[in-house]
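Pasting in a structure now, in structure tokens, and then I'll have a few things to ask.
All chains are identified by letter, namely A, B and C, in their written order; residue positions are counted from 1 within each chain.
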């Protein structure tokens, strides 16, 4: 596939040209962190970031999305009838996504795009989006991508892999869409042998810096109910304050709520990020709640990622090791430790 | 090892052995730099997990609400004030608690350290008296710990527990000459439009995850107003009106109850300075009633009692 | 592909107050677009999301049978925001229906078998659908004996009373109606809880399936009775309720272990449930 070298000073030119035909999202400085934003100028993209605080899932699965609109006006012939609303679902490029975050899209595809039923908005945005990944040369201490089946230079969910080198970037097309994006770019030059080997050594160094902390494969063999009843959940759940930070920041947490909102006589049906950490998530109208206890909710999150998803789809785990939940959990519940307990299935006091 | 660590372990051992408590709530070593994890110790053979350091910022009072058992809890000044409030609000009984008071030197704000490191990844952080040593793959920095404390710790005037069964160390000198409300006065001095914009900008990145609410030891309503559907007080989207409503109502619910423990700000994944809302209320309560929440166990808080000479200045 | 979140618009044709306490009403709904009725092909046991613009959606079992053409029927208990609003709506009002959703009772597997239907309270809705469907001349020959045990707190709380009386008269279905208690001298059927009446009537497990729907307490005490009668867990079928939003296995809240109740259920055999975490 097409592989080009782009000098550092020419990258904004390349991105700018692509901005003419597509909406380009990239990591930009946001307060004391980074966030994926729609670029209005190519030089706003900042590829020195380690990772964004919020995962780029918001680009495909917005935190609050209008699904339908309707009128509640008495006598309106369309009173009470829901209709789709126009959305910007045209071509988009996400430039500089980390390979782990891109992998997360693939994992979530399995939920939203099935043989029987397809989530139209997830699918359309996915189809319209070209992913230019930024290889992760210096993974953080909270990263554990290699333990969950991906890696700092995993190209399997990308259209283009970009590797930062001393003088510029190596851009390797991975798919046809990636190839089309790079084809004929005047900013690029064919990559020389030494450029390619420089990129290889950057990737190898990064991969080596990430030891495998646990091996999730044996979880497939463990009976679901046995893991469910394991004694360690009691210990794992104690510190949790059910704040939902982990689920909101997680690139593979897709759960959502559906709500109606009315302003005067116009209404909308919305979908909103939701969290299995919240008691309301499972509260029945009758008042019964199958996950009324904190332990049940904490267990649900980890079991979903490392057992239910794996068993249901023969894929996963539903975690890409981005480390956001580890970094931002206000009480230091560490998914790496929990996954370790699940795979070892023992109570392991530290 | 911090001197308190030994003391905490010794006390835990003793209290468990004497069956004075069913468990001990404290901290254990965190898995990442500058973090410690709250832990519940039930058995003598787990006591060695207990630890203490300047990264124990989590307010352990959050784990006490509506408990049925008897527990020992390690409490900093702010934690102890929240315990006082929980006792006043009947969320737990005094005879269920054995409070291990931890006179506090302030807790490190890891976000400040991150900002200082400008993207360099900290792999280890240790404390040595007044200094904080942070090291990574190819760097080591030794900094003045005081400069990296949580904002609320820097202006804290109740570092010593206000209620306890035993102290883990000698009381520390309270910070003198602290200006608690410098930032509030700055906001008060703004014109209404500027002030409006200030708060709009402040909460612009809010994702409505409610981590601030859940981290707060005083937020324990069985159904939070944001979760109520009949009637639905507040919309659930990121619409600025709804986000604003959430933050304002959360703050108002904290009036006269907030101890400025900083748990909300510490928990916010988006780094929003949510204390900007509660601090103004704290200042008002202090000015109107001369009252600081959770400092004195006796008596009732001003907002749940009536006196004929109550200030009327809020009606203008 | 059709947007799976978009309800079909329907008009309320008729509203029937089912129970004495007026908390259960049956809604007969007619599709505004005739094509939608053909698209809404369902089987007894499935459910749908009833949608009220401005209020939200609520998952409700389909009480009509696919053999009844021209309308859908839902019996709705007044519990929360949407159902309360629904109870205040009038014939002629427009609302929405999204579905059919979920799986259904194992009609193929049950062919040639006797079917024992055990229902309690307002969980009788999809059981009504099932009975009407089985009694339809096109399907009756596919099943052996049909036995029904149906109980409610008192006679006033039974659903579909006119039909119950009709079925009583028929000789191709055996009805055992019961109430927990009554002071109604007119009541000529059983008095007692569903598990006790099931035990007393002792429907044979031979070549038979049992479909059990009711409040958790009824199910809890009926299962041992069925086991004693010789029904293996594979042939005891139930339908579960959960808080749901999307109804299509996407929003994540209604899972029991690996299974989404909305999509992989709501119908499960007791054998299947035994392999799942006890979290429902």
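Just so we're on the same page, a residue touches a chain if its C-beta (ideal position, glycine included) is under 8 Å from a C-beta of that chain, and two chains touch if they have at least 3 such contacts.
Keep in mind that what you see is a predicted model, and the values were worked out from it rather than measured.
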{"item": "Chain closest to the middle [Cα centroid of all protein chains]", "value": "A"}
{"item": "Pair exhibiting more inter-chain C-beta contacts, A-B or B-C", "value": "A-B"}
{"item": "Chain of greatest Cα-centre distance to subunit C", "value": "B"}
{"item": "Subunit A and subunit C: spacing of chain centres that average the CA atoms, whole Å", "value": "39"}
{"item": "Chain centre separation in whole Å, for subunit B relative to subunit A (CA means)", "value": "31"}
{"item": "Gap in Å, rounded to a whole number, between the CA centres of subunit C and subunit B", "value": "50"}
{"item": "Subunit A, residues touching no fewer than two other chains", "value": "257, 259"}
{"item": "Residues of subunit C engaged with two or more neighbouring chains", "value": "80"}
{"item": "Subunit B residues counted as touching two or more neighbouring chains", "value": "none"}
{"item": "Of all residues in subunit C, those that touch subunit B in their complex", "value": "80-81, 84"}
{"item": "Subunit A - residues contacting subunit B, complex", "value": "30-33, 35, 48-50, 53-54, 63-64, 138, 140-142, 235, 238-239, 241-245, 248-249, 257, 259, 261, 270, 272-273, 275, 278, 280, 326-328, 330-334, 336-337, 349-350"}
{"item": "Residues of subunit A defined as touching subunit C within the complex", "value": "67-68, 70, 72, 79-82, 84, 111-112, 114, 117-120, 224-225, 228, 254-260, 262, 267, 269, 271, 274, 276, 281-286, 288, 290-291, 296, 300, 303-304, 307-308, 311-312"}
{"item": "Residues on subunit B engaged by subunit A in the complex (per definition of touch)", "value": "28-33, 35-40, 46, 49, 58, 62-63, 111, 114-115, 119, 121-123, 137, 205, 207-211, 213-215, 227, 235-239, 263, 266-267, 269-271"}
{"item": "Complex interface listing, subunit B residues touching subunit C", "value": "229-230"}
